[in-house]
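Shared between the two complexes below is subunit A, which pairs with subunit B and subunit C, respectively.
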Partner chain A sequence: MLYINQQKSALQASTLADLAEQLALPTQGVALVLNRQLLPRALWAQTPLSTEQDHHIEIFQLVAGG
Partner chain B sequence: MNLSDNEFIRYSRSLMLGDDALERQLRLRQARVLVLGLGGLGCPVASTLVSAGVGALTLIDGDVVELSNLPRQQLYQTNDVGKPKAEVAAARLRQHNPHPQLQVLQCRLNDEALREAAEVCDVLVDCSDNLPTRLQLNRLARETGKPLFAGAVSGASAQLYLLNRHSACYQCLVDPDWQVLQNCRSMGVDPALVTLTAQQLAWLLLQYLQASADQIAQAVPFGQANQIPFGQANPVPFGHASSIPFGHYGRFAASGNHIGFHWYPLQQDPGCTCCGVSSAPEGEV
Partner chain C sequence: MLTIAGKTFHSHLLLGSGKFQSALQMQQAVRASGTELVTLALKRLQPGAPLDDLFSPLQALGVQLLPNTSGARTAEEAVQAALLAREAVGTHWLKLEIHPEPKYLLPDPRETLKAAEKLCDLGFVVLPYCSADPLHCKQLEQAGCAAVMPLGAPIGSNQGLQNRAMLEIIIEQANIPVIIDAGLGAPSDATLALELGANAVLVNTAIASSTDPVRMAQAFRLAVEAGVLAQQSGLGMRQARAQASSPLEPGFAHLLAGLS
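Our next item is the complex of A and B:
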């Protein structure tokens, strides 16, 4: 089962990049946490989302102000 | 090396915090910290470090005080509007505590000048309000090997990242071409949240600056320290229940029964042009 920001999701994606595309995430300024690991965008395409286990995903907007 | 009588009285409440409190206070007096940005984050960070007794601060900001800064930038007063931030901040901090040495750089620095300032500091603190400056300080932290403590806020979002030469870097996470739309000018900012974020950063800085090299080396890795049941004595010296969360990105959240920062380990991008394999000089991979 996939959980996105604590909500169950019916989406099925083979990789994080696939998921990001289905969610139409912006191409910049977004952080994606998979099972408590913050993964750079460069790793999304090579990070599989196996269906054999639960995946907890958190998505949030990065900010840069001060 | 010891504290003067005046310092003993000034820092007496801190000196009650554990058997090694004097050593910790003396370590803090030996420390030099670079704070880049003296806005909503930089004002409380600098205030807390100076109040607590840091040895020296390098204060960098090229801006002048604006009226809209005042709700959250408490080093400035209404009649400071239009004056240079770094100079006003330093004057206020000196009034509060005359002991720390304060170096003031009232300008935006090029790489060479910023590197020169960074090299003599123990820690670099990013309290800036824009991406190019964050990327610049991240790059210089990597080049000089200095730890980077950073805060970022906008709207109702608050984030922290603590990085060192062994961890991923900020550029692993952000695209250098990111057109940041989420800044305080466009999104506003919650004054209490920015202060809370700055004080979380200051607390982490004090933990780090006051720890001995042995304490840092022997601390339980962040995220692996056992929870200490309420009412039981802390089994490790004050302030060292776990290590500093280097290599982690913190995000403020208020939900369920939790209010505070969630910390996530940041994975390195092996292709990062700042810290990844592709950035290493030939023969050093």
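Our next item is the complex of A and C:
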């Protein structure tokens, strides 16, 4: 099962890059944590999301702030 | 010129990007303010919420992005936020802010110093939002911070330089830039900060929550420029007694006939 920002997700993705595409994440201004590991974008394409285990994904985005 | 960590900026005004009515208005204010450093925050993506790309438009304006750690309540949380921000923005510049209680949003000095030490060790260029406490600011400088950002008054309060006396000591003692952050309400507050010797100011609410944020951004730009010019020119000494600025010509007495 995939959890995105602590909510169950029905999405199915083979890699993190695949997931990012399905979520239409912007190409910049995003940070992603997979199972408590901060993963640089350069590694997303080579990071598989196996269906054998749960994956907890936290996605942060740049927003306006002072 | 404002130099932080070896990088030079022409503008002495840093702008916060929060509270604007739209992304477009924020961009227009950024342009009108002349700022070269704009702060941003990080937030968990809301599933289903529209993705608002602030990154590209700000990049197109040529400003440097300065992510903050808003939301962090402890040093540990701030370090985690910093690592996320570095990944999201691609910069090791960071506005460190740790304010655990919401009523006054005052910076936690102990956690801020602890986080600053750790983040400087990790190679971040750390600009901490901090208490207007001269000793604390010295400690942050010794920890390796690239600047200190003491508050004039609580965030968003528009009260101006309530901590003036302490800010003057901080400015006097600092060997790194002093950026007055938080609480500035009017362009004249920004001018005063620069006149007192601050290197820069960071403004958000006073601009974003005004009736016309773009014109207010321009007002702050001019006010900061005035303050910089005044600082460079050297203010005159304050004195208790008058000092005549015209000759006190004594020869006008009993000069003309027929007037009395």
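To be clear about the criterion, the second predicted complex is superposed on the first by the 61 of 66 C-alpha atoms of A that agree within 3 Å, B and C clash if a C-alpha of one lies under 4 Å from a C-alpha of the other, contacts with A are read in each partner's own complex, and residues count from 1 in each chain.
Basically, a residue touches a chain if its C-beta (ideal position, glycine included) is under 8 Å from a C-beta of that chain, and two chains touch if they have at least 3 such contacts.
Worth saying up front: this structure is predicted, and the values here are computed from it rather than measured.
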Check your understanding: What is the contact status of A:Q37 with respect to subunit B (first) and subunit C (second): first, second, both, or neither?
Key -> first
Point to revise | Chain touching more of subunit A, residue-wise (subunit B, subunit C) | key: C
Practice item. Tell me which partner A:A10 touches in the superposition: subunit B (first), subunit C (second), both or neither. Key: neither
Practice item. Look at A:I59 in the shared chain and tell me whether it touches subunit B only, subunit C only, both, or neither; answer first, second, both or neither. Key: second
**Study point:** Where subunit A meets both subunit C and subunit B, residue numbers
**Key:** 28-29, 31, 33, 38, 40-41, 60-66
Revision key, fill the gap. Subunit A contacts subunit B in the complex at 27-29, 31, 33, 36-43, 60-66
Point to revise | Parts of subunit B lying in touch with subunit A, wherever the complex brings them together | key: 37, 39-42, 126-131, 134, 151-155, 157-159, 168, 172-175, 177-185, 187, 189, 194, 249, 251, 264-272
**Study point:** subunit A - residues contacting subunit C, complex
**Key:** 4-5, 7, 9, 23-26, 28-33, 38, 40-41, 58-66
Check your understanding: Of all residues in subunit C, which touch subunit A in the complex?
Key -> 16-20, 23, 26, 39-47, 51-56, 59, 65, 67-68, 70, 83-85, 87-90, 155-156, 202, 204-205
